[in-house]
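Heads up, the next two complexes both have chain A, just with different partners, chain B and then chain C.
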Partner chain A sequence: MSWFTWTDLWMLAPVVIMVTGALITLLVGAMARGAAAGTGMTFLGIGTSVLAAFVTAFAWSHGGAAVGGALLTGPFAVFLGLVILAGVALALLYSDGYAHRMGFDVGEYYGLILLAGAGMLYLVAANDLITLLIAFEIMSLSVYALVAADRRRRAASEGAMKYFVLGAFASGILLYGMALLYGATGTIYLSDMAGVQAAPMLKLIGIGLMLIGLAFKVGAVPFHAWVPDAYQGAPASVTGFMAVAVKAAAFGILVRVLLASGLLGWHASETATGASTLATEHMLLTNVLVVLAIATMVVGNFLALAQNDLKRLLAYSGISHTGYVLIGLVAAMVLPAEGVTAVLYYLAAYTAMTIGAFAVLVVLATGSRDLGPIEDLAGLARRRPAVALAMTVCLVSLVGMPPTVGFFGKLWLFRAGLDAGFPGLVILAAVSTMVSIYYYLRPVLVMYAAAPGEAASHRPVPTAGTVVLAAAALATLLIGVAGPTLYDAARASAEALLSLG
Partner chain B sequence: MDALYFAFSAIAVYTALMMVTRRHPIYAAGWMLACLASVAGIFVTLHASFLGVIQVLLYAGAILVLFLFVIMLLNPSKEELEAERVALWQPVAGLVLGCFFAGLLVWAVLGDAPGKAIPFSEYPAPDGFGSTTDFGATIYDRYVVAFELISVLIIAAIAAVILVGKRNLRPARPGRTSEPAPPAHRETTEEAVHA
Partner chain C sequence: MADLPILSLLLVLPLVGAVAVMLCPRDRDDLTRATALTFAMLTTLLSLPLFWLYDAQAGTMQFTEFHPWVASLGIAYSVGVDGISLLLVLMTTLLAPVGVLCSWRAIEERTREFFASFLVLVSAVIGVFIARDLVLFYVFWEVMLVPMFLIIVIWGGRRRLYAGVKFFIYTMTASLLMLVAIVYVYLAAGAGSFDIETIRLALVEHGLSRTAELWLFVAFTLAFAVKVPVFPFHTWLPDAHTEAPTAGSVMLAAVLLKMGTYGLIRIAIPLFPQAAATAAPVMIVLAVIGIIYGALMALAQTDWKRLIAYSSVSHLGFIVLAIFAWNETALTGAVYQMLGHGLSTGALFLVIGSVYERTHTREIDAYGGVAKVIPGTAVVFMFAMLSSVGLPGLNGFVGEFMILAGTFLEAQVAAACAALGVIFGAAYLLTLYQKTMLGPLKHERNRTLTDLTAREWSYYVPLIAFMVLLGVFPQPFVDVMRVSLRLLASKATTL
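Coming up: the complex of A and B.
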């Protein structure tokens, strides 16, 4: 039997394109001289991502296992793949000019963003534990280095070091979980695991350890210790990229791992044999997710209240949003289709609004320094009203106020949580949202009410970054109200994933 | 094989314990070598002879030498080693956590498979299992995609090392903005502002 065919190559094409683009970028970076090199590499990278996005949409949409079972493509992988590639392209676009001013517009910077994108793209479609771990490591390793890209600042090295050490620890736990999962099920293919209940307890522990490893990556409490330092230490362009793309990829594979547990949407009435064991396990796993969600929302929101640094504020805000997405996973334990749909919708919405918020930090970076405290935004509305307006739209969406996509994202998450029978969790999330209004609207207040300060000059902004900002703000405003298109796509992706098994 | 397997396992656990309890890093590295070697022994008793050889070559060889180089470069003095106190709660917390996970594992295995311990002799390995030939044939056939992905991982690692470690990230060239591009390697006091 042949393990590799032309069809397999076509299925791998999105990843191959990303890796090829990264290699070309690395080569160009090694040879090109002059100011235009950075812009050239930016657009080379964007071209690569766009091509990869088209190929992803064509190659992966039919679904099914490929490459001897190593890949499980389908609408779910396409949906998250496109979200990730959008994150890659936008992060590359606003890096144009910014990377030059910060002193790291080298081939390795652009190449590593593309390589991280390749790893994430593979990760959301990975079906066997071996390539899953390798893709996870490609993503992680690239992002660790990107965090340390700005080497003039010690905070960058510190953040990268913490991220690296804790990330390596997380990878170790993930790997341990995989070993137990393989031992319990006798297969390395996630899609084959759901039905195997030969050793349910060992399997549950394996799933639990993988859950911990992935919870590190999405920054769920109590595995969030690296988030504030890494987010603050990294250059704003990298922080925006890792906030959206790493989270989308890690949540994607988390959904798949939970699906492999065979407990997603499990009902006592469905199975006769071993029902009591499975009922206990279903309850255990659900409760673990509930505790994670509560801790993440509460800690993220309350610690964000005390923050004065913009990037650190957005770091804690990112933690709290991880908590909201976890509600979707809790709901998926009872109502898989609704829960996974809400998770997918929210990841797409989160990408739009968060990239927008970080694009503001990128375009306003003065000289070779990122914005620091919130006061750096003082008087922005008077000097650059359009930028202030776009930032306001993104922050309002992060709160979850009505016309924006953030509102609809929260609506679907909360509705899934209510339908699945977790009213307490949803009430807590609503209260957390109320609390978050305070810290999200503080920058808005500073932008509109405070007089322009001495610290920030708010120089004319680079065009590429403003394009990203405008696109993200428009998407944040329009996706939600333009109609149910995104919801339908998320719903179709979730249902396709669940039917693939 | 069973007796050998358990002997190697016992040695691995003992040497691992000795490794984490040594104060001087050189001794810890020595115990680590013994630990890695006994893990290689476990692989061999499980018919994975190629893996055992790789374990010795890579871990006990290359990686341990790397460890020793780092220890020698840092060259911690006796005072520095003495100065580093370990709070009492740390080993206690480690012990509790370790026992918890070990207990969980034992509980799960016993709960799933009560009285199902099967001696290795009843699980004969297929002919050629774990040999170099078998290993190579598997890795370049069934797992060829994983193998290629590993090379992508290595490319990412190389690019990461260059980005983090290269002395002059960007050779001097005319900047495109009016202000001069900042030198790539400069310690600033910005931390104070950002902290």
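Coming up: the complex of A and C.
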């Protein structure tokens, strides 16, 4: 057997395409400058991600291990891959003009987004621990640099520095967990771990440490300290990108790690041997996730109440949404198919509505300054009714009101949580949502009821950003109503993953 | 005709209207208004045949449509009406053009957005009354909030922000627990469907534990009680009703409050009959407190609109009282009064709206003796007020009488206390009428007030006609819902 075949190359193609796009962008960026070059690179990048999306859909959909077991493709990886690539493409599109106005080095900027996308794509398909770590670092390092894209602002450097230092720490913990896991199971392949008879405590600690490393990336409390500063410091375009794409990728691999623990969906009745230790492990891991979910929802929502800065508000809102997704993971511990479906659906939903909200910040950025306090949106509904309406749709969806996609996302999460037997957790999620009504309502009120302020000037809004905004708002509004397509896709992906594992 | 999906058309037509309104040119307010009116009238016309086509002898869900939505979870687009929801849908569609007409001059800025919001609101409210699937019901229930919120905070009175936010937070907070309860009851029923009747039958077959049933009942009832509003949850109402523009107040009072009482009789009580029986004494006490408290508060108001808002708290108390008495007479009275209150309180809000348009004050003291200047308004006000008081010959009497008669069979003391509320009702409304309309003209500036225009008459006349019709000739309306109510009453034995 040759160690590398054409099939392997085909399986790697999505990542290769993204990396190639990133390198070309970097090269072009080194030579060409100006707004036109920026637009060129936007479309080069979008072309790259669309191509990568097609290749992903074709190459990965059959599933199975590839590249000597380094990758595990299949509908699960395709689903998250497409969500991530959608995030990448939308982020590139709304950056057109914005990146130039803000004075970024556009070559680096677009190149890093593509590179981060490549890392995320690689991450959701990673099957061995080495690939996992490499993909994780490609993603992380690119995003650290992106946070600091605006070199003139100290807040950007500060946010990036905090993110980097804490992130490096989290990577270390992740690596430590991986080492322990390898020691316990004797294999580096995630897909093989579940079946291995392993030293229980060592394996559990390994899984737990990996959980911490990934919880950091998704911004779960108490590993969230970097989120507000990084989100506020980063330019709005980057914040939007990392809010959705990093979260999708990190949750994707988190599901895979939990699956590798062999405890996902474990029932005492199914296995007679070693039932008592497994029961203890299962209970421990479930409880850890429950505590994470509770802390994340409560802290995220309550701290969001006190925020006045738009990006910071959305940062805490992002934390609270991580908390909701964690309910899906808790549910998956008992009912894997339902739980993972809810997680996948929510990640897709969150991408649509959050990209939309950040697109508003991007199109409204004046000169080289992002919107600051909520009051900057004052009177937007008078000057730009369409933008205000789109923002309202996205915010209403973040609250979880029907008929938006955010409502259906919550519905599936609630269903999974209740079905799995966690009514208390679901009620807490409902109560947290009540709290969130207040802070999501504030921007709406300011847009509709306050007198027009400075930011709502008559300056024309950039076309590219408006397209993203319209697309995101429409998706937010229609995906939920348009029927079960997304749900069925998420369900099929979840089931395919579980049968593979 | 039978194949025509009337109910879906009723849902879609106002939405199409909303889009059409938004497409009108910005500076053509006349065109905007005409478009909104056209679509509102079309909705009314389309809904009228339902009344005659409905087979009241069967009393079942009719005009049903069923399309799987998320088939794997048993969520469906499933709509239909029985005699009860039919009447509520008709009331909604009748008030749609009224809402447009009364905003004709009152809404001068951002006209397109206003009428679009209003039409979306109408569509969502119709959806609540025709939904047979719990998820679908919840969707409409929540969708309604956003346009209503915007109507209050953009076009409302001086304290509109406070009122709007309070309204939104109160109602949405209460409904979130209902969402959890919906999912829970779906799982507990294990029927793989969100259809209300399917879930009910499954729950009858293998009952819930007493505790679970009680909690679920509380979660649903809390959402409905805030909307009604039942006594301790009523504080959003005076603010929202007072600050909303006239069309908003009319829709709030006439239709939106009925969503709460409708939810009680359609969902909360039939699904959880034992819990309802347990909770009935509490609810009855709260209802009676609401009746008396609302009336006393109304007596103390100096703001015309706020007085009427509090009168709603009192009147809705009667309906809740009758619902928890749960016999056929009381339920007939309850539904009848839902319609009647819609007409009479709707008209009362319209009158203060008409007057406010001319004087820009709601203070009762700013009027006095104006009947001589504006006799037309005075006559309309007289009808609306007497209908609200429950004068025989107008709709209010029929509803209140059936409510009190039905309740008396189940809870004499409560019925007696409630009857006291009728007297208070006469007191505050007659006083209001006397202070504003009768006697010598109190302020010179009111001498130049203009009377109702043709546009205003165009909606007052049908409203008064319906008040008289429902008052002297209730039989056709009672007949439409008789069998449906009997079927409903058999689903629970509250008290």
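As a convention for this text, the second predicted complex is superposed on the first by the 492 of 501 C-alpha atoms of A that agree within 3 Å, B and C clash if a C-alpha of one lies under 4 Å from a C-alpha of the other, contacts with A are read in each partner's own complex, and residues count from 1 in each chain.
Assume contacts are C-beta pairs under 8 Å (C-beta built on N, C-alpha and C of every residue); 3 or more make two chains touch, one makes a residue touch a chain.
Please read all numbers here as calculations on a predicted model, not as lab measurements.
If you put the two complexes together on chain A, you find that chain B and chain C both fit without a clash.
For the combined model, the angle formed at the CA centre of chain A by lines to the CA centres of chain B and chain C equals 150 degrees after rounding to the nearest 10.
When the two complexes are overlaid on their common chain A, residue A:F414 makes contact with chain C while staying clear of chain B. In the superposition on chain A, contact is made by A:P385 with chain C only, not with chain B. Contacts of A:A168 after superposition on the shared chain: neither chain B nor chain C is touched.
Once the two complexes are overlaid on the shared chain, A:A179 sits clear of chain B and of chain C alike. Of the two partners, chain B and chain C, it is B that touches more residues of chain A.
Contacts of A:L9 after superposition on the shared chain: neither chain B nor chain C is touched. By the document's definition of touching, of the two partners only chain B reaches A:L115; chain C does not. With both structures placed on the common chain, the touch criterion links A:L305 to neither chain B nor chain C.
For the overlaid pair of complexes, the smallest distance between C-alpha atoms of chain B and those of chain C rounds to 27 Å. Per the touch definition, chain C reaches chain A in the complex via residues 69-73, 110, 113, 135, 138-140, 142-143, 145-146, 150, 153-154, 160-161, 164-165, 168-169, 172-173, 176-177, 179-180, 183-184, 186-187.
If you check the complex, the residues on chain A that touch chain B are 3-4, 8, 12, 19, 22-23, 26, 33-36, 67-68, 70, 97, 100-106, 108-109, 111-112, 115-116, 118-119, 122, 128, 130-131, 134-135, 137-138, 141-142, 144-146, 148-149, 151-155, 160, 180, 184, 198-202, 204-205, 232, 309, 367-369, 372. Put simply, chain B touches chain A in their complex at residues 104-105, 107-109, 111-113, 141-146, 149-150, 152-153, 155-157, 159-164, 169-171, 173-177, 179, 181-188, 190-191, 193-195. Remark: chain A residues 381-382, 385, 392, 396, 399, 401-403, 407, 410-411, 414-415, 418-419, 423, 426-427, 430-431, 433-434, 437-438, 441, 445, 448-449, 483-484, 487-488, 491 touch chain C in the complex.
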